[in-house]
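Pasting the structures here.
In what follows, chain A forms one complex with chain B and a second complex with chain C.
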Partner chain A sequence: MTTDVGLIRTAAPGYALDLSIWTVLKWTVAICVAVVAVFPIIWMINVVFAEPGVPVSINPRLLPTSLSAGIAKIDTILSETSYLHAYYISITYSLLTIAGVLLIGSMAAFEFALFEFPGKRPMFVIVMLSLMVPTAVTLIPTYLLTANLGWLNTMQGLVVPGLASAFGLFMLIQFMRTIPREMIEAARLDGASHFQIYRHIALPMSKNALVTLAILIFMQTWGNFIWPLIVAPSPQMYTVGQVVGLFNAPFSHVTVDIVMAANLLAALPPLIFFLLFQRKIVEGIAMSGSKG
Partner chain B sequence: MADLQIINVSKSYGAVEVLRDVNLSIASGEFVVFVGPSGCGKSTLLRMISGLEEAPTGEIRLEGKVVNRVDPAKRGVAMVFQSYALYPHMTAFQNMAFSLTMAREPKAVIKEKVGRAAAILRLERLLDRRPGELSGGQKQRVAIGRAIVREPKVFLFDEPLSNLDTELRVQMRAELIQLHAKLGTTMIYVTHDQVEAMTLADKMVVMNGGIIQQHGTPLGLYDDPDNKFVAGFIGSPKMNFIKAKVEAVRTDAITLSDLGGCSRLELPFRNFDADIREVELGVRTEHIDIAQDAGTTDILAAKVAFVEELGDVTFIHTDLPTGERLVVRSSKARHRGSSTECFVKLDPAGVLLFGTNGERIRSA
Partner chain C sequence: MFDKKHIPHLLMVFPFLALFAVFFLYPIVSGFVYSFYDWNATTTSRFVGLANYQRIVHSRDFSKAMWNLGSYIIITVPVGIAVAFCLALLVDSFKGFWQNFFRSIFFMPVVLPMFLAATIWRWIYTPNIGLLNTTRGFFGLPSVQFLNDTSTMLYSLIAVDVWVSAGFNMVIILAGMKNIPRQYYEAARLDGASKLQEIFYITIPMLYPVLFFVTTYGVISALQVFDTPWLLTGSSFSQYGGRQNALLFPVMDMMGRGFGELKFGQAAAYGFILTTVIVSVTAVMFALRKKGHQP
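Showing the complex of A and B:
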């Protein structure tokens, strides 16, 4: 409080007072939100790394108490279920989707953002309209189409329908629009072909947007539950989400701390990912104006 | 080294005609400057020469060959943009080497060519830096280097210095002159700064409203402009214009009256068209003198509006009774601040005549 008083004396009075009240409010709200958001994760870690029952005993604890118990649970899950295979499926699914969306999206965005061609506006409008159609509406037609292609329980069935990302396209177009026309013209005069301009100018200059989009797609595909559930129901194609779903099923016989361990394993990759790319993710979410 | 002809080239964007019937011939090795006010079509013309803008009508000939349909990269022209347009993710070296890399030149050749260009532009120690780590002048040099490396037949510059501060601009201007002397390549340079144009050009092309108003040597245009626009555009401060009536016409002289209200002026002039009753006089500031008193009829009385004293010269801005502004350049004496009235005398040898349509009336 003493520093606040000092601040009020030196700065313009009304403004400094507003600022400090505003700051206190802002931080209070932020901390409350943070607690609400972080608590389940702490609790999950807590439950996993403890002897069964300890965290909810008469004398409950908030902090993990037994590392070995947690490792034992994780070991059980990895050895007794096909969790590792599910990791493999999920990661392949995510990486292929990322690669595909970045490639297709960046090539399409390159044309949309930097060149004129007949039918450009109507095509753009159609793509943008598809952003407004909820996934639930397209789910069944997409499923039928995929089934007719004979792609049920295959990797391409998982990946291909997700490659046409209107959102990714939109984001990349917005970004590539900021590439100055003169730069493209300079490259043209330098003898770069259309594809070389894409490859050597547009693509490297959009690196930030591409990284951001990759992260957003990772979060989205990793967390995608419904599409793998309907298009790849065979155990051979289970993603992490589906395996966790099995653990969480109403009649499964595993105890709650094993379920929590499974959940923790599922949350780990995005968590690591988030910690690694924290700044980029925040930038990306601010840039795309959506919560990915 | 290449000569360039532009024949009957026009350009419209929709209903807007940006260039009308441009005809221009540029000799090999010439330094040509396009100059004109903003929006007059200079960049458009330059971009049509480069091929970045299509030339639907007329012909552009480079070394005698029509290049209207030739791909910009294959015309042998290189362009330096106002915004530099350097590739931000590449080092200065990679920027300069880009065209060679695209052409799949061997590494050694690339290194040698870029090294040579860098030496000309004194960029050797900056080659590892990215554009973000270079100053404006350095970026501009890299952009010029990128053009040099391609060994073009024609260099095109679109206002390359306008993002630089005054001092750097003067320095870069000197470097461009040296560069031109060293390479001897045809260069076409766009600017709207007439001082830049005067100092750089072998041939100056003055444009306005999509039309080439006049072209020639800078001093040729300065001394002998074709119309009021060129006369007014070149020279600083601007040429003075005064309306006058034609009183008498003889075979080798005319008498003008009503100058600045009531003065008269006798002008040597051969074969003046006697039908013309009204003209406009163009007089540069150095052809006007301050007179001691209103002794003769050719002296104009004026009010001093304000005075610019620059040390070596003094510009006295005066208002004539008709409301016209007359700027007098005086290098002899400094102005003594007190007087508000003065008398000025026009030097008949420095007076140009323009018709009411703005076209020059020349003595035959």
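Showing the complex of A and C:
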């Protein structure tokens, strides 16, 4: 016992010095990385909220300089392009996808996680195998199918093909497996129907997983670029991603601050979402990663 | 044999399975059939056997795209994971509030949609007036055409890619680090192990499954890279891939054939070639993992 204390005491001064160098270094690196991580985002905000004609890149500064100029640019974009409409399309697309995946996925996950029924094993295996199939192989045939259904440039064309999310199902199954069987048996003895058990026990108990999945799906649909690009090529169905792509096209004669204002508008929903739900998002990704 | 009591179960899984069959299984099968036909939006289809496959494999764009893909993956996956691992170590060394703070800040780029990250970076890379080139000018260095000079294009793409993906991988690796029992570190410290030894003899071996997942996932998504190079180059079906196709990747090539040239048969065949590549690479990685686990 005494020797232990002595050891610590003799080691302490050197250890403390070592620690402080380590600490300084660690903080420096962390702050540098933080700057690299957020700088492009800050730069975007700075370009938008600056007097036109004074590009931030030529006159770098850390803080936005003109709030009114930024608002004026955003106003220009909203009034001169169909940006608001694209917003409407993107939000509807995201919300419908979230609602659909959560409903359909949770119903299927409820069965796969808690019950036995004929054909369960093979169905489950096929769905899980599909997680390994790259989107490249289904992209073109799914597009052709959607086109044959007459769903090009429609909301159902955007939403429906993405509803059977194997990833979502997998995540919900993992979660619903932890629901105690006794609760289900008890509810059954109380005369609850199968659907009531799903609705009043399984759904409330997996609220956390459902919220996390909803957030992940939002991020994914809002950022989905390739599917809207091919399935909704008409301007009436442009998503925010496509409008940003237009602004970004090499021969569109717009200045950097207008492009960045368009970008900022597209970045706002996910950024706000992140600031509100950062814990859930980060943990959701960590969970899906460590279990997958 | 069939029991009535199964009906509610089947009713509940039906919506998912129906959509899954129609929008996932059917496209795979039909795509396989399409890949043997010469087919576009206007002409009637004609069975051509393996001609689509041959035409793709022998085309110059295909070899260019595959070559680009190979060099891209070899750099971007290891660099991305090394960066993510170091970030995870860094974040892990903080406690409480600051740990969450840095974790969130480092994660920020992941939240931005890919298409946005690409467009912002495109402006940062702009010759003469872009942020990077004005900074270079400040130090008296000449302006670089990051996205138009075949010697820098690939690295410019990789920088964006690492910037975007590092936070994602970091979060997963960090979660893995939290699962390593603290006693291991305490034991190592008692034995007088240095910080570096702890990392190499405890952290990395214990993280093996997580690192394997991150690597596999990274390789699979890198094989399908599309958004970023598409938006960093021409970003339209008539123009993509950049100068001398230095940023042409297989999925872009496939999309170009399908929607640019309306050769859907070829595009479908392309999808299957790509899938074969992806499945083989994944299989090899799993086989190597198994081998690595044997004593």
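Here, the second predicted complex is superposed on the first by the 249 of 292 C-alpha atoms of A that agree within 3 Å, B and C clash if a C-alpha of one lies under 4 Å from a C-alpha of the other, contacts with A are read in each partner's own complex, and residues count from 1 in each chain.
Simple rule for what comes next: contacts are C-beta pairs under 8 Å (C-beta built on N, C-alpha and C of every residue); 3 or more make two chains touch, one makes a residue touch a chain.
These numbers were taken from a predicted model, which means no experiment stands behind them.
Trainee: Should the pairing of chain B and chain C on chain A count as a clash or a fit in the superposition?
Mentor: After superposition on chain A, which the two structures share, chain B sits beside chain C with no clash.
Trainee: Name the contact category of A:G241: first (chain B only), second (chain C only), both, or neither.
Mentor: second
Trainee: If we overlay the two complexes on their shared chain A, which of chain B and chain C does A:W43 touch? Say first, second, both or neither.
Mentor: second
Trainee: Regarding the shared-chain residue A:P204, is it in contact with chain B (first), chain C (second), both, or neither?
Mentor: A:P204: touches chain B, not chain C.
Trainee: After lining up the shared chain so the two structures overlap, which partner does A:P122 touch, if you call chain B first and chain C second: first, second, both or neither?
Mentor: Neither chain B nor chain C is touched by A:P122.
Trainee: In the three-chain superposition, say which chain, chain B or chain C, touches more residues of chain A.
Mentor: Here the partner covering more residues of chain A is C.
Trainee: Would you give the minimum C-alpha distance from chain B to chain C, in Å, for the three-chain superposition?
Mentor: In the combined three-chain model, chain B comes within 11 Å of chain C at the C-alpha level.
Trainee: Go through chain A and flag every residue that touches chain B in one model and chain C in the other.
Mentor: Looking at chain A, the two contact sets are disjoint.
Trainee: In the complex formed with chain C, which residues of chain A make contact?
Mentor: Against chain C, chain A makes touches at 26, 29-30, 33-34, 36-38, 40-41, 43-44, 55-58, 60, 103-105, 107-108, 110-112, 115, 117-118, 123, 126-127, 130, 132-145, 160-164, 166, 169, 194-195, 198, 219, 222-223, 225-226, 230, 241, 244-245, 247-250, 256, 259-260, 263, 266-267, 270-271, 273-274, 278-279, 281-282, 285-287, 289-290, 292.
Trainee: Mind pulling up the chain C residues that touch chain A in the complex?
Mentor: Listed in rising order, the residues are 2, 6, 8-10, 12-13, 15-17, 19-20, 22-28, 30-31, 34, 87, 90-91, 93-94, 100, 102-117, 119-124, 126, 129-131, 134, 163, 167-168, 171-172, 174-176, 179, 210, 213-214, 217, 220, 223-224, 226-227, 230-231, 234-236, 239, 250-251, 254-255, 258-259, 264, 267-268, 270-272, 274-275, 278-279, 282.
Trainee: Going by the contact rule set out above, which residues of chain B touch chain A in the complex?
Mentor: Within the complex, chain B contacts chain A at residues 50, 52, 72-74, 77-79, 81-83, 85, 87-89, 98-99, 102-103, 146, 150.
Trainee: Where on chain A is chain B touching in the complex?
Mentor: 180, 182-183, 185-193, 196, 200-201, 204-205, 207
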